[in-house]
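In the two complexes below, chain A is the common chain; its partner is chain B in one and chain C in the other.
Moving on, here comes the complex of A and B:
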């Protein structure tokens, strides 16, 4: 029983519900418990590389610290006991509570999103959305084609940059590249539209019409999916209880 | 009891005309054609309507372009408009020209399953069908390969597999060899000949010589009308005569080596003279294009015309394009290249030939000494090749050096100097006596065994 095997649609719904619920909790304890609990569940029921997790966490950790700092320093004057002084401002316990709530919320949101992204294979997610989420095959297969398109587009973009550099467009620094990007959009789009049309033709010629079709890759719903979902909801319940208490 | 089964014809057209909604004239005019069993070749120049006819056969048209059909068009003895979308495609498998834009999934196996899913094949039958198909086509080794990593020829074989796994009665191929080198193309034809004994085939091809005697019937379209319909006649490919010029001052290029993850291009030297017309030949993936880009990066006097000249354009109209980066007068060149009336058009709205001429103009105005074309012949018809020929002849006579990378052996005859590329190693120069050295040609994938 792992989060990797868990049905992606159910996982997605559960995580979304939890995030939605978190948005209504206005105390530091609930997000803290959710954050720690998510980490605990992730350790128990997944094989996520903590190095990758750490790397993804860096920007959000900075956001959380930034939130903490700004709400402490620039926080609205509130009544309450003054805890300490920061740059001549009185910081009340109310300020601290608010700052902690906001920054812990960032962390809890991130932990939940990472639990989902790092344990979900995008292809399986799309299959599952088609099977459990009743997503139309037309949209689902557009996503698959999109996956294949990325390397092709990247290739084309590199070629454009290279040819334009040969024509004497100044493309030495990264900034030059960014500044030149708008000029590449039209040729890139023109090429992509043509390619997209060809792929669409090829799909129809092979009998893809968006109508009901057979499925080979079955993404099942099992008892374990509900168990894992319940664990997450239980975590939310506990955290709410801790917060309201 | 006498059989009452009539031979079903796949296409039965009578006085068929077809027009695109935004055009004033017909692409196909009063076409009467009946395709019956066997192997049929459809030829014609660009714009002759052969691709339109092709799309009518597998019923991608008229639905996908809102085209206007008049006359009678029956597919398998039923009028085309009585079919649901995708219904004909169960009986007709299609392989398209561009190996890079006909796949949806990542691996060969998933791609085959995609077709089976569309045809609502029972799930427990799918794996067996995939195994059988790959075995029959001798493609079992590719089963779990990533399609993106396959070569052009392998991709086309996989495309055939994807078309055949639906068990169609007919197989349609739209210039399936256009992006393949001669050796690969030849191998593909022999392979198709072996595996497709029981299936009817229609091929669109404007250069049928590489197919040998594959066909039994030929239909030739000229301006949307049938010009010839009869038994297939083997004809040699177009002939291009060598362009002769005087050699001028020599200069030397050093092309540095280039390391990629999976590919290694050795350092090389090339001595060229004014008036040289150089062809660089070799298999697909032998490193010709990498070498060419290396050359253009290293030397500012080399002007590179990419395979799609559109990549070159950085402004939004022809005049600005020509005057980009310098302030020399452009009028003279604009006129000489026949682009005078297109001066305010967007470069991307030009035809392929016009784009190429604009690219040449850009090179001429930026004082490039050597104009280098990357695969200029891919997918071009005879008219377009003749235009390219004239353009190159004019340039070398005016004292430019012209170089092109190609695997088009007929067109390569126009050159007076040759370099060969094999696994990242450039050898040369060779003179035209190269064509009389079968050993050398074979080792570079340039010889087609007569079969």
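Moving on, here comes the complex of A and C:
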């Protein structure tokens, strides 16, 4: 029983429900417990590389810090004892509580998101959306096309840089390349649109009609999916209880 | 809804979503760097970037659902290529897409003038701000600060997504790549 095997649609719904629930909790303990609990569940029921997890976490740590000081400096006026002054704003203990809640919420959201992202194969997610979520095959297969489109896009981009170089555009550093990128968006898009038309024609030529079809990969729903989902909901229940108490 | 769509329109939608998913992700990182310094308001003035695919897709394809679907697809693909916001980004895409779609629905999917496109950018700003308000806990901030955030986001939505989306699509039209899509056909009828 791991989060990797869990049905992606059910996992998606569970994680989204938890995040919505968190949005209505205004005490610092609930997001803290959810954050720690998610890490515990992730340790128990998945094999996620913590190094990768840490790398993904860094930007959100920054966001959490930004949220913390924004809600301290620009916090609304609340009653309560003034604890200290920050850039001319009286910070009450209520403000500190709210600021802690919001920044911990960022961390809890991120932990839940990473639990989903790091254990979900995008292809299985789309298959599962099609099989359990009744997603239109027309859209599902277009997403696959889109996903397979990345190498083509990269090639086109390289080609454009080379064409521009042939015409005498000098790009020395990496920064030059980035600065030059906006000039490439129109030719890149125009090329991609032409490609899209060709891909659509070849899909039709191979008999793709957009009707539901048999697939090799069947994403099942098992009892374990509900077990893992209830563990996550249980975590939310406990965290709410801790917060309200 | 999708019955009347041609396959090539759906594939175009998906390819546009892919290209803009990359752009979106790049700006998430730019926004994140800022946000650490100046807080969540860092995202507001560039927020229109994240609505732009809705406007471009609707303007080119001109079918009900184009604004909504393109935004949701872009969000989904953004998640697949590594936006750590993860599943929440799909929700954000759905909400932003609905806001933009509403503007086109209001005009009965008949008008695609600049003001409608800007209204779509504004619509996406409204719905996405409502989402931020709840999920980001903006009730904790002072009303003036929240109002400033919204004003910035709405302006950004109208200018970057609405005006910017139109300019970009019109440039694309001039390359001739859009022959066979509604935008090019409309152009021929009217001028």
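Everything that follows uses one rule, which is that the second predicted complex is superposed on the first by the 222 of 245 C-alpha atoms of A that agree within 3 Å, B and C clash if a C-alpha of one lies under 4 Å from a C-alpha of the other, contacts with A are read in each partner's own complex, and residues count from 1 in each chain.
We take it that contacts are C-beta pairs under 8 Å (C-beta built on N, C-alpha and C of every residue); 3 or more make two chains touch, one makes a residue touch a chain.
In this text, all values refer to a predicted model and were calculated from it rather than measured experimentally.
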{"item": "Combined model on chain A: chain C and chain B, fit or clash", "value": "fit"}
{"item": "Touching partner for A:190 - first (chain B), second (chain C), both, neither", "value": "both"}
{"item": "First (chain B), second (chain C), both or neither touched by A:54", "value": "neither"}
{"item": "Which of chain B and chain C A:146 touches, first, second, both or neither", "value": "second"}
{"item": "First (chain B), second (chain C), both or neither touched by A:205", "value": "first"}
{"item": "Which superposed partner A:168 touches (first chain B, second chain C, both, neither)", "value": "first"}
{"item": "Contacts of A:138 with chain B and chain C, given as first, second, both or neither", "value": "second"}
{"item": "More chain A residues in contact [chain B versus chain C]", "value": "C"}
{"item": "Which superposed partner A:74 touches (first chain B, second chain C, both, neither)", "value": "second"}
{"item": "Contacts of A:237 with chain B and chain C, given as first, second, both or neither", "value": "neither"}
{"item": "Nearest-approach distance, in Å, of chain C Cα atoms to those of chain B in the combined model", "value": "5"}
{"item": "Overlap of the chain B and chain C footprints on chain A, listed as residue numbers", "value": "145, 147, 186-187, 190-191, 195, 199-201, 203-204, 208"}
{"item": "Residue numbers on chain A that touch chain C, as the complex places them", "value": "12, 15-16, 19, 23-24, 26, 56-57, 59-60, 62-63, 65-67, 69-71, 74-77, 95, 98-99, 101-102, 105, 109-110, 112-114, 116-117, 122, 125, 136, 138-139, 142-143, 145-147, 149-150, 153, 185-197, 199-201, 203-204, 208, 210"}
{"item": "Contacting residues of chain A [partner chain B, same complex]", "value": "123, 141, 144-145, 147-148, 151-152, 159-160, 162-164, 166-169, 183, 186-187, 190-191, 195, 198-209, 211-218"}
{"item": "Chain A-touching residues of chain C, taken from the complex the two chains share", "value": "2, 5-8, 10-19, 22, 29, 32-33, 35-42, 69, 73, 76-77, 79-82, 84-88, 90-91, 134-137, 139-143, 145, 168, 171-172, 175-178, 180"}
{"item": "Complex contact set, residues of chain B against chain A", "value": "55, 58, 60, 64, 84-86, 89-90, 92-94, 96, 98, 100-106, 113-123, 126, 148, 162-163, 166, 293, 296-297, 303-304, 306, 308, 310-314, 316, 324-325, 348, 362, 366"}
